[in-house]
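Next come two complexes built around chain A: one with chain B, the other with chain C.
For the complex of A and B:
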């Protein structure tokens, strides 16, 4: 009996499977395992196909050379540079905005109740807006009204609108998870609000901030539709932030849809994109780990 | 103790940042409205459903977006029908069937599936899935391909959110079921699913929003022919794909018409988000 109780407490709830004639129960068990197997099989199919077809085309030359013949030959160096520049613009804008908003919502929420509720509702809606609608908006606002044209700058700014709700939500919940004792202790020491934020609350919330950052970077790297009409298609090495630059995801799209014979290089680009996502994921979590161990965060 | 001057200015800085963040949604709505206004005023909104066809850039432009709406609805419904039972089953597997080590591994796999970029799903669908469908029933790029790829993309969303909902069921419910000697399936169908129904419903709403808004994957596998689909093997074009295909060269009234369809997407999403929020709040209060 004791053993059964710990099972209930620790993980899922697992009454022993019965032998015999409880047919609905047995059928359900078989179905659940079948669904899990099916999903795993499809995952292996997709990833296996990408890796098997993409890896043979991957080489140092592929990463360091410019594309030739509309991408059928050559490499993706300028495309990687554009992708990273777009990502940099996006993060440079959305991190301060997101951090400030999240601090206001979580730490000063009581003094700004109505305003806070308004901002939060607006962010909830923003989180659901389809990426192509961000593309429409970015094209109309950044590219045309603000006169940035098809550029890395307008692509990055469009993406920053897109990842902002993700960053704010994760930062806010990370800050809220910091125990109130920390705030009381800071107040008892007479620390100014700014110092308490900078020295105590934000360091304590770092793992949550990093997790939000990873989500945001992942979403920005994966995005295609919002960039089609903001950062554009040009696959030359960008000379400035006002040049058009082709992101990696758009490169995959273009090779697959518009370039006959571009398939093998599209496979290679897809592997690079997924590899990039995994590396950033691993690196940021490593960094978060280090912070966690030297910081004051309760583990 | 009155707040010092630096604290006041910090507070105002934070308020300004939050105001910018909050104003983005408003800015999006305003810009969509401004750009869509010429089309809303001069052919009028009813033309989008009553015109003969979609010839947006001819000299007598026709703006019937009904085929695209049908495409979006068909693809989304199909994907929901397929992904909802599979996603819930995956969540139940994670929570009640898999041994703990396997469950966390399976969860990780779902997270990885959720993280694959949509353009990669689209690419895989284009080079692997559509040729398979073509062998069976040409032309391959079809409503069926769109439904399959979309359900693959929203399945992790439904599964992960449902699993979170199942996780938050009070432990005493399950202990009560165990004390009554219910079988595993009876516990799930009689206790766990009803207790988590709000969370699961909200997950389905969010997944529907994602399916409606998805652009690239659908664009790459659906064939993009403007027609009301007469079978699941027929090529279709969705609202999102239509915008992505035509905005590049659209001028004047055509461009405005595309912004109208963007506005419609936005309204649909707002309704879904609000519904999903409302369901979750009902659960807390109810």
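For the complex of A and C:
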């Protein structure tokens, strides 16, 4: 008590009526805790609800069989395969393109060059475009103009258009955050530009790269609207990348919204989707970690 | 390590390419001469049913492949006109400006006005429903119900249930004063089941299934006709709609054996979808099969 009084007196600006009470601090503390708890509770609620309702329907058969009765029976094997193929196409296209563009923007070109600003501005606009717009674009361009039809290929390419802005921007800012001393040191050692990039700059920028990659994978796996018109609705096991294949998120959407009595399997599929996301993220971290340690940069 | 990763990437890429190429080869010719691939797009209401019909059709006719896509009735029509689909799925009567296409009914679906089970009202006249949906009646007490505000549940633009509802009650969507806008039947049922003061409309098949499952909703009779599967089948229920497959009239009329082949396949699939062989599938999706 004495301590508080001293503090108020030494502050010297609080009116006597409020002496001894630090309720604004307390309210702030309570509010902070409440907000933090609320957010945690929402997360726990969602995951708990999914796991509680979905886990009883999960089994090896569910993962290894094809869907029956519009998804109310059977499993999701073809859908899982389609989802992974779509993601593979998306990443196979967007990782090289994304890295290349990010390197171009950060390493080759002055910061305020007109071209660089234009690219950055378009990327920021693209990052905020609703996914259904990408879906319609993908349908018009990849499916119809390029003649890919409803196919895993056109779905994956559409997704890579969505993921690229995220990937490029986060990689670019990570590369920019690498101290210029590294570049000067590399130049002083006479390292070729590519070696400096591959051995020093990119490994040093790995954390930002991973962040972009994980965000991108999350966005790609969760996508429904953009895939409905591109990779399509067919739940057969895909025979090639030119076949239409239903993604997990579309399967969940269809079961929850279009198929009466499909909710329980929708929950089970959602658990699989979240599990898949966690596994892929963990693998991404691991792979990136290895790359980081084989570089010559100090960690 | 990098080399390993690169090597792995190359292997994946090459194997994907190989898989891509191998898909081009068609396997096994069919005994009945039916062969080839059809693309069916349109109404998300029909898509699950068409998908099941397609699976059974493929089993009976090896060598055929029916790809069913979703996206809405209007999309089905646009895709057939543009030639990106062979067959469209349309869950309503064709509009006058769509008579360039031929429609084949394969089943019927009814739209039921639903209330929460605890709502004391047992029936609503068409005028009352119009008054509720246009906002001139906003409390249940005004039409003899509980003293509570009415939660008006409307469907989102582009849903064919919405189109059927609007055209039956001669309303325009901008006249409606909704409290909640929903996308699909399941969402509508969930919204009404959770709110004792809500009114909404959904497919009768869906509503009947949910009622038997114990969901707290009830489907109202319309013009004294009960909202049952039977009244939808015989067409006496006023708020019902046909589920159609549509094609271009000259489907396959162009020269060449390939076109003729695909025309035969289109015809065979449509006939199969309208036949009694798929009644069980139709019922499993809570639609009403045609009287054969």
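One rule holds for everything that comes next: the second predicted complex is superposed on the first by the 239 of 299 C-alpha atoms of A that agree within 3 Å, B and C clash if a C-alpha of one lies under 4 Å from a C-alpha of the other, contacts with A are read in each partner's own complex, and residues count from 1 in each chain.
Rule of thumb we're sticking to: a contact is a pair of C-beta atoms (placed from the backbone, for glycine too) under 8 Å apart; a residue touches a chain by one contact, two chains touch by 3 or more.
Keep in mind it's a predicted model, so treat the numbers as computed, not measured.
In the superposition on chain A, A:125 makes contact with chain B only, while chain C stays out of contact range. Of the two partner chains, chain B is the only one touched by A:43; chain C is not.
After overlaying the two complexes on the shared chain, residue contacts for A:101 are found with chain B alone; chain C is out of touch. Measured by the number of chain A residues touched, the leading partner among chain B and chain C is B. Of the two partner chains placed by superposition, only chain C is touched by A:259; chain B is not.
Once the two complexes are overlaid on the shared chain, A:228 sits against chain B and chain C alike. By the touch criterion stated above, A:243 is placed in contact with chain C alone, chain B being left untouched. With both structures placed on the common chain, the touch criterion links A:51 to neither chain B nor chain C. Across the two superposed structures, the residue set of chain A contacted by chain B and also by chain C is 228-229, 256-257, 263. Those residues of chain A that touch chain C in the shared complex are 69-71, 85, 88-89, 92, 143-144, 149-150, 153, 198, 228-229, 232-235, 239-244, 254, 256-263, 287, 290-291, 294. Of all the residues in chain A, the ones that touch chain B in their complex are 4, 8-15, 17-18, 22, 24-25, 28-29, 31-33, 35-36, 38-40, 42-43, 45-46, 49-50, 96-98, 100-101, 103-105, 108, 112, 115-116, 118-119, 122-137, 139-141, 145, 161, 164, 168, 192-194, 218, 221-225, 228-229, 249-250, 252-253, 256-257, 263, 266-267, 270, 273-274, 277.
Chain B meets chain A in the complex at residues 3-4, 6-7, 10-11, 13-28, 31-32, 34-35, 86, 89-90, 92-98, 100, 103, 106, 109-110, 112-113, 115-124, 126-128, 152, 155, 171, 174-175, 177-178, 182-188, 192, 206, 209, 212-216, 219-220, 240, 243-244, 247-248, 258-259, 262, 265-266, 269-270, 272-273, 277. Across the complex, chain C meets chain A through its residues 1-2, 5, 9, 12-13, 16, 19-24, 39, 44-45, 47-49, 51-52, 67-71, 82, 84, 183-187, 205-206, 209-210, 213, 284-286.
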